[in-house]
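Dumping the structure here so I can ask a few things about it.
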Amino acid sequence: MKIGLIGLGKMGYNLSLNLMDNHHEVVAYDVNKEAVEKLSNEGATGAFTVEELVNELPLSPKVVWIMVPAGEVTENVITELKELLSEGDIIIDGGNSNYKESVRRAQDLQEKGIYFFDVGTSGGMEGARNGACTMIGGDAEVFRTIEPIFNDICVENGFMYAGKSGSGHFLKMVHNGVEYGMMQSIAEGFEVLEKSQFDFDYEAVARVWNNGSVVRSWLMELTENAFSKDPKLDSIKGVMQSSGEGKWTVETALDLQTATPVIALSLMMRYRSLEEDTFTGKVVAALRNEFGGHGVVNK
Amino acid sequence: MKIGLIGLGKMGYNLSLNLMDNHHEVVAYDVNKEAVEKLSNEGATGAFTVEELVNELPLSPKVVWIMVPAGEVTENVITELKELLSEGDIIIDGGNSNYKESVRRAQDLQEKGIYFFDVGTSGGMEGARNGACTMIGGDAEVFRTIEPIFNDICVENGFMYAGKSGSGHFLKMVHNGVEYGMMQSIAEGFEVLEKSQFDFDYEAVARVWNNGSVVRSWLMELTENAFSKDPKLDSIKGVMQSSGEGKWTVETALDLQTATPVIALSLMMRYRSLEEDTFTGKVVAALRNEFGGHGVVNK
Amino acid sequence: MKIGLIGLGKMGYNLSLNLMDNHHEVVAYDVNKEAVEKLSNEGATGAFTVEELVNELPLSPKVVWIMVPAGEVTENVITELKELLSEGDIIIDGGNSNYKESVRRAQDLQEKGIYFFDVGTSGGMEGARNGACTMIGGDAEVFRTIEPIFNDICVENGFMYAGKSGSGHFLKMVHNGVEYGMMQSIAEGFEVLEKSQFDFDYEAVARVWNNGSVVRSWLMELTENAFSKDPKLDSIKGVMQSSGEGKWTVETALDLQTATPVIALSLMMRYRSLEEDTFTGKVVAALRNEFGGHGVVNK
Amino acid sequence: MKIGLIGLGKMGYNLSLNLMDNHHEVVAYDVNKEAVEKLSNEGATGAFTVEELVNELPLSPKVVWIMVPAGEVTENVITELKELLSEGDIIIDGGNSNYKESVRRAQDLQEKGIYFFDVGTSGGMEGARNGACTMIGGDAEVFRTIEPIFNDICVENGFMYAGKSGSGHFLKMVHNGVEYGMMQSIAEGFEVLEKSQFDFDYEAVARVWNNGSVVRSWLMELTENAFSKDPKLDSIKGVMQSSGEGKWTVETALDLQTATPVIALSLMMRYRSLEEDTFTGKVVAALRNEFGGHGVVNK
């Protein structure tokens, strides 16, 4: 199939190579011309505007995969595509868009007869390159047209038609919420080891936990990799950034009146890690001093 | 009543003055001779050994109030008193002993016919001086003998015979667990204010919240006091120490298979505040780098 | 002062009486005519439409206090008032509106020169009647015009000009978040008591904790009241409803990247209490069965 | 090697078969004679007392693997073995003993020159049968004698000499803490899906999440298995039992002043699931009624 691909960042570039490995033709566009040229050298057709990309695609239907930052950039690209595409054409948003936006966009594009698929993509850069995991929301009938793409670029059993519009990004969002919880669980375990009376080899611990144990998982394999490079992680600080899906998961849980204490706390401990000192701590310390005369640590 | 008082720290010294204000005689002992002398000047009878203190007390029954650090010191004092006291005598442990220890000590002292009362004391130094809050476990009948003491030294409605041995310290332990949760609640609220787009006067906030609102409380009054001295708490660090009762409350909750998420988290956020960086954070940061190529903060 | 009051529910009705006690004139409107008539009998001027209410008020400036459900009802009333009021007039929203709405409404009304004050009100029905606690956001200069109202209807030190528009409702929102945490703290404490080996009199516990202890507070007084009516709370179920401010507090904390574990968990335990069984529980039980052959509880 | 195996429950029986598959001789004892006879039919030498088992083992050194319930049963077996074994002999505790007990037992057995290894075993029944995961604490030198056993019965890279006595059971304890967190994370994710506006096929979700995604793991595979048998888990209740390691992990974290909010909450949500109604909920509901007149749900 000939596929338009907009966005050649870490994920989009690898995905393009993956598509071409699987004998798809890629027409590629990115605001960064160097990325377009680099991918052209790998066999893609380069486009230097979105319009050029759309014109390069065959009729009935044109298929465009978007892999750009969620939010404003995605919105702008889709707005431009809506102008350029026609009834029956297909837009695939493979980025980390909020599922509510995807529901809205699908409805909006439907006005013009354009089909929209919201595709959550997991597996990191390596997955994008060699076999991703995707969760797809959109029209069930039309999905059959693009199913071969997913069959090719994903690992075995690694794609799922999830349901109506929004369900793909919803599933990816919750996947990331689960991921936050699993990462925090593993990390807390290692902190208990670190504080203990024993002197563990963390790389060896991650390796044994990843072979035959109940907690064996890709994240544990990655833990082993991380410790193999830096046995005590002495070179980095414990600052835990987050993108948006964990927060959206908690917000969604609140909207659904669902108790998700572990996912919520995983997120909040990330926020806590962004600060050296907290106002919460100051207030508690000041209160202990007020009622009990307990000492405070002065700055 | 003539009462032996062992331990003239912040709490014990103030309690002695409180007892004397209420026309009780105090025979006081502390390892720190200066404290004994200072209290003697206030009208107490000083004793320079536990034995001397016991000998100064009238027979039938001798009443000794212990106000020393929980654990080993309390254990040693009680062991010594067990030797010196006789059937019918009374030991009051007004410190923050673990209730399990108090159950054991009561049983142990019963062998010799000595009555043991475990007394949780709240209200801080000011309470000890001018009107404390006490929760008392031990023999219900014998309690009547010492009830006048509590009637005198506590604020109105400020003492409670809680039940059999251990119940007094148990109640104080849980009181402190509740206190941890309330303090953390207040402190988190102020942190949200601090991070907000608004520019609040925290002393004024604490004052208004302490007058007429649902959250009015002594802790809110103390919050107002703290902000009146240091409007943004700029002079202190948010290091939240803890003694033992919060931890015991959580351990007890675990033993009773009781979910106490708020008390548990209040405690854990205190532990978190003791560290500048965490191993948990390092592991999560390293994992994000492994699977997504996300940047880490190097040391 | 002559004040228009829209909304004669539990809070608005009591507030009207409070205003009249303090020699203000009240022009009252509610969709429920009976409430209007009832308040007329107490001395208010009844109005049967918003227009009628506005016409009853003197010029320069007209002051209208809204005390209706947050969201759509508040929005509709304000939209109608915007039509009817003129430059220099004042709208006070005393309900539990989301502070973001209040920021927007203030800006919107400013177009027409109408001043908007967002007023968070605490203290329950009793407070509304006899002395409330209020936190007020809006124009600092114009606030002086209405300050006497707050001076009259609030307890001493019970009102605060908090800052620019939105700050009043923001402060009330966070107040409620703190309230959630304090309530959950107290409640967890009593659950530990309930599961313990001791047999406590909970009314007595709440009383002693409310006299001289560190956790003394209005909520503890209310706890005592509740136990005085039903010693073990046998007559009710532990279903914890919530309105919206606790959720907003957590959402705001997430937006501000602030860790508020205790407030978040207080909210989530409320959600958990709405269910008899959980899907989370089923998944964990099924997993334990899968890997360890551990028994499950069949329905 | 000829190995004594005490305890033929789910784990011990499978482990014996595993050992024999790998050409070890097993002398087996269990209080349940049928289990002994059944295993004898599989090629083991049956013993009907611990003494008989010990006598069947060759000298220098005798190796006995214990696989019985932690606590009293393990204690009794070790006490009996201490009498029967001699200097240089080896006891392996493969059960879920508390690491503190293992430290104590190792010291105690050292008096008589008996070597003790605390071995945490993971991987469930299937692992015990076909390739387990083990973490081993004890004397580093003597470990070489028994290393071939672990090499045979574990999956590749599936065993680890962890360090001095106690470290094996410590590592297994923390492993289980991590497991609690990971299970709760997965389960919370599915609850969000269940409450959402979408209609997901959970077996398909677990499958896609287990192929190529970041959260792929054995637990996700088991989740798929569980949903394949009961698509909505309609047949079971969400009652989450726990054995002891999760609780020990939290207790250890508290002793080490380590914040492990996710592991702690995973445990507490299990406790919460054991109850239909909570006293916490009653207190909060009663308080809401007291201050706001909010309705309660009567029983």
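Which chain is which? They are A, B, C and D, in the order written, and residues in each are numbered from 1.
We take it that a residue touches a chain if its C-beta (ideal position, glycine included) is under 8 Å from a C-beta of that chain, and two chains touch if they have at least 3 such contacts.
If you're wondering where the values come from, they're calculated on a predicted model, not measured in any experiment.
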| item | value |
| --- | --- |
| Steps needed, at minimum, to go from chain B to chain C via contacts | 1 |
| Most remote chain, CA-based centroid, reference being chain D | C |
| More contacts between chains, A-C or C-D | C-D |
| Rounded Å distance, chain A centre to chain D centre (Cα mean) | 34 |
| Computed distance of Cα centres, chain D from chain C, in Å | 49 |
| Distance from chain C to chain A - Cα centre to Cα centre, in angstrom | 39 |
| Where chain D touches two or more other chains, by residue | 124, 184, 186, 188, 191, 195, 214, 218-219, 257-261, 265, 268-269, 272, 278, 280, 291 |
| Partner chain D, residues of chain A touching it in the complex | 122-124, 127, 131-135, 154-160, 162-164, 166-167, 170-171, 174-175, 177-182, 184-186, 188-189, 191-193, 195-200, 204-205, 207-220, 249, 252-253, 256-263, 265-266, 268-269 |
| Footprint of chain A on chain B - complex, ascending | 10, 124-126, 183-184, 186-188, 190-191, 194-195, 218-219, 222-223, 225-226, 230, 233-241, 261, 265, 269-270, 272-273, 276-299 |
| Contact footprint of chain A on chain C as seen in their complex | 214, 247, 250-251, 254, 257-261, 264-265, 267-269, 271-272, 274, 278, 280, 291 |
